[in-house]
Amino acid sequence: MASRKIGLWLVGAHGGVATTVAVGLSALRQGLIKPTGLVSETPAFADLPFAGWERWVLGGHEIRQTTAVASAHDLARTSRAFSEQLVDKCRPDLEQLDSRVRPGVVRNVGNTIRKLMSPGFAREAGSARELITLLQADWDEFVAQQELEQVVVVNLASTEPPVAKESLPRDVESLLSSLETTECPLPASSLYAIAAIERGHPFVNFTPSLGSDLPAIDELARQRGSAHVGRDGKTGETFLKSVLAPAFAARNLEVMSWVGHNIFGNLDGVVLNDPVNKATKVASKDKLLGEILGYAPQTLVSIEYIQSLGDWKTAWDHIHFRGFLETPMMMQFTWQGCDSILAAPLVLDLARFAELAARRGASGTLDFLASFFKSPQGSPTHHFFEQFAQLQRWAAELRTNG
Amino acid sequence: MASRKIGLWLVGAHGGVATTVAVGLSALRQGLIKPTGLVSETPAFADLPFAGWERWVLGGHEIRQTTAVASAHDLARTSRAFSEQLVDKCRPDLEQLDSRVRPGVVRNVGNTIRKLMSPGFAREAGSARELITLLQADWDEFVAQQELEQVVVVNLASTEPPVAKESLPRDVESLLSSLETTECPLPASSLYAIAAIERGHPFVNFTPSLGSDLPAIDELARQRGSAHVGRDGKTGETFLKSVLAPAFAARNLEVMSWVGHNIFGNLDGVVLNDPVNKATKVASKDKLLGEILGYAPQTLVSIEYIQSLGDWKTAWDHIHFRGFLETPMMMQFTWQGCDSILAAPLVLDLARFAELAARRGASGTLDFLASFFKSPQGSPTHHFFEQFAQLQRWAAELRTNG
Amino acid sequence: MASRKIGLWLVGAHGGVATTVAVGLSALRQGLIKPTGLVSETPAFADLPFAGWERWVLGGHEIRQTTAVASAHDLARTSRAFSEQLVDKCRPDLEQLDSRVRPGVVRNVGNTIRKLMSPGFAREAGSARELITLLQADWDEFVAQQELEQVVVVNLASTEPPVAKESLPRDVESLLSSLETTECPLPASSLYAIAAIERGHPFVNFTPSLGSDLPAIDELARQRGSAHVGRDGKTGETFLKSVLAPAFAARNLEVMSWVGHNIFGNLDGVVLNDPVNKATKVASKDKLLGEILGYAPQTLVSIEYIQSLGDWKTAWDHIHFRGFLETPMMMQFTWQGCDSILAAPLVLDLARFAELAARRGASGTLDFLASFFKSPQGSPTHHFFEQFAQLQRWAAELRTNG
Amino acid sequence: MASRKIGLWLVGAHGGVATTVAVGLSALRQGLIKPTGLVSETPAFADLPFAGWERWVLGGHEIRQTTAVASAHDLARTSRAFSEQLVDKCRPDLEQLDSRVRPGVVRNVGNTIRKLMSPGFAREAGSARELITLLQADWDEFVAQQELEQVVVVNLASTEPPVAKESLPRDVESLLSSLETTECPLPASSLYAIAAIERGHPFVNFTPSLGSDLPAIDELARQRGSAHVGRDGKTGETFLKSVLAPAFAARNLEVMSWVGHNIFGNLDGVVLNDPVNKATKVASKDKLLGEILGYAPQTLVSIEYIQSLGDWKTAWDHIHFRGFLETPMMMQFTWQGCDSILAAPLVLDLARFAELAARRGASGTLDFLASFFKSPQGSPTHHFFEQFAQLQRWAAELRTNG
C-alpha cells in the first residue's frame, strides 16, 4: 500500500521564504536540483526514514491577496534568487498551492504588519478562540480533501512586536480561558500554535514572534501529545556567531566587543524597519554571545532596510578581541546571502524532522532541533556544534530504538 | 618537599614566537597579565594538575647571534605587539634565557634559512648522529645545572623546505643507521626530534617542518617510551577554516571555491618568501578543506611577505558557496592577528599538556593535542570542535584515572 | 629682526585631537618625526611662506580639569596612538601648554557634554556677552605674555546638539543685541567664534557644532576684516566618500544605496552616543552624496560608541550600484584609522593656512579651505579633488600676487 | 539626407566584453535600458555631436567558432550578468553580428591563446603583411556591404604575452619592412593596429597587449592621419587605485604597502592563469602607484582564476599607510564587479569619442582618452581626476572650435 500524503502548511504562504519552499519542493520533486542546503540530505541523516519529497502537499495562510507565481517571478526578477525559467517549470505546483491558500488571522501584530494586509482579506474579528476555530477548520478541510496522514504547520509570517511577559497566562487553565476573550494578549503566532497543538499537528515557529514559546503552551502540548519547536530560524549572521563564538572561547581569546550590522531589502526588512517589530528580532540575534562566552562583551546589532538589496542580506561583523599579553586583535566578516534561499531548505528540513519525530511519538518541545534556531526552545546551549551533536545523538537513538 | 623545576627548551630561541613565550612566561610569573589566550587556563582544563608557571625554566637553540632583550624590544617597537615597559619589567628573565641559549644545528634547511645564520655560529659539520650528540649534551647540561625534573623541547625554528618522502628511512633500524652518515636526508627539525626522543624529553613540533612526523620516528618514540606531537601550530586563518568549514558541511552548503590570501612581515615571512620553503607551508594550510567537506572545492592559498606589517598577519578569505536552488552566495573574512601573540600561549599550553601527559606515562604520538595543529599527527579529523572534544575526553579520562 | 611668535588656541585643549596636536607640534619642533599627514608640507604647498613650526605657541580652553601629560599618556596606553617614549620627550612642551589652559565656557551644549565638566570649573553664568568678554580677556593675556603677532583659534570641543535655525539672529545687529541676554540661543561654539572675530583672530571650527556658520556671523567677520572657516574636519569615512562618489558619477555608475557604519571608542563617541548630539554629526556625514551624484541614493550613516576601540575608528561602507544593463554590483571598504592621528595634522595645516591668509589680508569665509571640511562653509562642491584644485588655485594666486 | 552608418569592428567578437557590447547596443537601440555606465551619456558630455546608437553596425574577428547568441546565453546563465529574456529580445541583432564575423589572425600570441582556437579556423600562415592584407579586405567588404562612413576597430582579444622591446622596429621604415617577413616579432594586436591605421580606421586597444603602443606605429599613424589609442581598459581595481592613490598623496599619508588580490573565472582568467600572459597584465595594474605617489611603496598584485566566479571579479585591496606621528593605519576594500558589464559601456564610449575625434580631424595618439586606460598611451598622469579633466578640456575645446 502506498504511503499517504503529508501536508506542509505555511503561515505567510506568499512571503519570500514560503515561495522559495514551494519552488524548491517542486524542483526537488521534478529532479531539477541537487539537494544542496538541505540538512536532512547530508550523509549524517540521509538514512533516516524521512517522508520523501513526493509525499508532501502544500497549503497555507496569508493576509495579502497575491499569488505564488507572482511572488516567485518577483523574487527571480528583483533579487535574482533563482531564474524565471525555473519558476515557469514549477508553475503548475505553484498554482496548486494558490488554490489551497486561506485568509490568515491578524491579532496583536502591530501597525506595520496590519498595513501589509489586503483590506477585508484577513480575519481579525471575534475572540481568540473563534479565530483558532477558523484555522482548525481550514486544516480539517485540507486533511480531508488531500487525504493527509499528517499536517506540519510552520509559521513564516512577519515578525510581531514583543509581548509583555507579565500579561501572559501562566498555566493551561488560564491560557484556555483567556482565549475566550477579545482582549486576549496572545499574538497571532500563538493562536496558530495553539490551534495546531490542539489538533495534534506539529508546530514549527521559524520567526522571532512568540508562537509556542510559553510554558503554558508547552504544557498544553505535552497534555495533548503534540510536538512543537521554535523560534527564529538561524540562517546567516547568527548562525556564524554560534559557530565562531565557541572558537574564541575554546582559545581563551577575550571578545571585547562584537558589532553586527545587517542590511537587506525584502518585506521582512519593511516590517523590521518598524522599531517595535525590530526589538523582537534584535533581542533574538544578540543574546547568544553572553551565553556562549560566559561573560558579556559589548555588543551591537543593527538591522536596516536597504531597498536595493531585495532579498539579499549583507551582514558585516566586527569582532574586537584580546589575546595573550592583552594585545587587541580583530576579525571581520561579511556574509552575503539570499534570505529566502538560506531559510527555505531549513523549513523543509524542520518539517521532515518534526513529522518523523511526531510519527515516532514525540510530544512537547522538540529540543533536539536547537541547531536550527536563534532562540532555541528547550535548549541549554547556543554553541552550534553542541546543538548539532544533539541532533546527531537523536538520530543515533532513533536508529537504535526505531 | 617543593616540586622540582621543568625545562622548556625553545628551538629558534630568539624568534618572535620564542621571544613572546619568554616575555609572557615572565609576565605570568610576575602576575602582570591575565591568562588570556591560554587554553590550559580555561574552565575546561584549569583544574588539571599542570605544572605551575613558576616551575618552568627556559633554554634554547638559535642560529643567529642576538639576544632575547633585543628581540623583545624589536617586537615592541616595530610591531606594537606589546609595550616596551613590559619588556623592561621582564628584562632579568630574558637575560637569564640568553645565558642558556646554545648554537643550533643546521642540516637540509635550504639556502634562505642558511642566509639568516650568524657566520660560524651554528653547527653543521659531521654526521647526523654527531649533531644529535651535541644537542643531547646541551640538554644534559641544562638538566644538571637547573636540577630539572623534565625538559619539553619545542621546535619554533623557520620552516624547512619539503623533504621527498621516498628518500626517508622506513623503520627504526634504517633510521638509526642513516644517522651515521653525512648524507642523511633528514632535516634539522627531525634531528631535534630524534635527539629529544632518545633522551625521553617530550618533543613538540610547532612548525610545518618534518620534525617527528615519520612512522620510523614514531616507532622509535614508542620503543623508548617518549612522547611527541606536531605539526604546525594552528593559530589564525587555518584555525578559522577548521571552525567554519564544518559549519558549511553541517548545513549542506556547497563550497565551490575557498581563496585565502595571507600577508605578513616578520622573519617567517622572509623565509616563506622563498618558494621552496613556502611549499611546505601552503600544503599545510590547504589540505584540510577536502577532508572536512568530503569533496574538493577549488582552493587557493597565498602567503606573501609585506614588510610594513611586521609581526601582524592579515588574512583575507573569500568563500564562494552554493545554497538551495544552486544559488551562489559569499562569505568573506579578514583576520588581523599578531602572529607571535597568537602562537606563544599555544606553545606554553602544549608544553604543559605534553609534560602532564608524559608524567602520566604517555608515549608515542600525543594525538589528543590535534586541535593545536594544522597538520595534526595521529588525528583522523581537521574539524576543530571534534578535535577539541578529543582534548576534553582526554582531560575527563585523566580526571577519572588519575 | 626675528619673527614674532604666533598663538594656536585650542578650544577643548585636553581632548584627543588637541593632545595629539600638542605632542605633534613638539615632535616636529624637536625634529623627532617626519611631516607625514601634513598637507602644508607636500610639494604642492611647501614653498608657501607659512609660519615655521618653531614660532607656534599653544594655549587653550577646557571644561575638564586634567593635564596634557595625562591625556597623552592615556592616548598612548589605551589606544597605542603613539608611544609613551614620545610623550616623555614632549613632556616639557605639554607642561607649558597646561600652564596656559583656561576654563572654557558652557552654553547650550546639551546634558551629555555638561556631564563631562569638572564641577565648578567651566564658566556658564551671565549673558553671552559676559562669557565672550571672559574669552577675549584670556586671549589678550595670552598675546601680552607671549608677545604674539597673531592668535588662531581652533574649536575642537565636543559636538553640540543641533540648533533650530529659526531661533537664530539674522543680521549683525540682532546678533549683537541677542548677546546681551541670558536666553541667547547661540551655543558655546558660536560665542568662541564671535569672540575671536571681534578680536581679529582667525577662527577655525573643526567640529560639526554651529560655530561661525551663520550669515550674521560671516557678515560680522567681513565688517571686522576677520577670517573664519569650518566646519567638521573631513578626516576619514567622509573624506573617502568625497573621493569615491565623484568616481561613480564620472563613470555613470548609479549608486542605489550607500551605507556607512562607524564604530569608535573615544570621548567623542561618548558624546555622540547621545542621539541629540549625534544628529548634528550624522547630518554632516550624509548630505554630500546627493550633491556629488546629482540624485539621492538611499543612504544610512550610523555612529556607535564601542569602548574597546579607544581612539580608533572603524568605518564599514557598503556601496550598492548599478552598471550597464542595470546589473547590480558592489563595493565595500573598511577604514581603520586613529581619529586623533588623522585630525591633528589637519588642525596644524588649517592654523597655518588661516594665519597666512589673514596675514595677506583675507577676511570673511576662507572658502579655499573646503577640502578640509565635511560641511565646508562657502563652498559650492563636496567633490574632494575639485576642492583640492581650489586650494591649489589659491596657492598659485598667492605665489603670483604675493 | 540621413547620416550614413558607422561600423564598430570588435576583435574578439565572441568574448564576454564583445558579447555584452552587442547585447547592450541592441538594448540601447530598442530603448530597453537606461544609459547607465556610459560616460558619453553623462551631463558632462551628452551635448557633444556623437553618432547616435542607431547608426552603429557591428562586425568582428574571432578565432573560436561559436555564436553571439550562444555566448550571450552563457553569460546570462553562468554569470547572471543579464537576463536570458534580454538576450531573447536582442537575438536578431546578435544573429546579424554573427553573419559579419570573420576568422581572426593569430601571431605571437602564446600557447594558451592558441589552445582556444577552433582548429583550422584562424589565419596564421604567411608574412605579417599577408595577414594585414586579409584584415583590410574584411573591412573593405564590411564598408562596401553596409555603406559605412567610418569603421572603428577595437581590440578585445585575449591578452598576449609581453614582447621584448629590443626586438621591435624603431621607425616606420623598419616597421614596414619587418612586415614582409614571417619572423616579424609583432603580435597579432599590432597587426590589427597597423592594418587599421593604414586604412584610416581609428584603432582602440582595450587590452594590455602591445597593439599600437610603439613609437614607430604612432609615427605611422601621424603620417597617415589616422587616430589610435590604448591600452588596457581601466574598469575596476585599477580604476579605484587611480582614484584613491591621489587622495593619499593629497593628504600626505604615506602608503607603505598596497596589496591587491584579484580573483575571477572567465575566459580572460584562463588566459591570465598562464604566467606568461599574466606578466603583461600585472605590469599594467601595478605601475601607476609609484607615478601617482611620487615614491615606490611595496606593491603586490595577483590575478587568479577561480572558476566558480564566472564573469564576476572580486578584488581585495589592502592599503597599509602611515599617518601623523608615523602611526600605521589601514584601508581595505573589496570590489565585486561583473567584468563584461564594466567594460562594455567603455568600449561603446571609446568608439564614440574616437569616431568624433577622427571626424574632427584628429590623428596620432588620442591622449585625451587617458582616463579610460590602465596604461594610457600619450598621457603623463595616472591620476583619474586629472585624466578626467583632460577629457573635459577636450570637450570644451570641441564645443568652442567645432
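Chains: A, B, C and D, in written order; residue numbering restarts at 1 for each.
Quick note on the criterion: a contact is a pair of C-beta atoms (placed from the backbone, for glycine too) under 8 Å apart; a residue touches a chain by one contact, two chains touch by 3 or more.
Predicted, not measured: the structure shown is a model, and the values here were computed from it.
Counting steps between touching chains, the shortest path from chain B to chain C takes 1. For chain pairs A-D and A-B, the one joined by more C-beta pairs in contact is A-B.
With centres set at the average Cα position, the gap from chain A to chain B is 44 Å. Taking each chain's centre as the average of its CA atoms, chain A and chain C sit 49 Å apart.
Within chain B, residues 332, 334 each touch two or more of the remaining chains. Of all residues in chain D, only 77, 80, 83-85, 334 touch chain A in the complex they form. Contact residues on chain D toward chain B in their complex (touch as defined above): 256-257, 259, 261, 263, 298, 300, 302, 304, 306-309, 314, 316, 318, 320, 328, 332, 334.
Contacts from chain C toward chain D in the complex involve residues 20, 23-24, 27, 33-39, 41-44, 81-82, 86, 239-240, 243-244, 246-247, 249-254, 294, 322-327, 329-338, 341-342, 344-345, 371, 384-385, 388.
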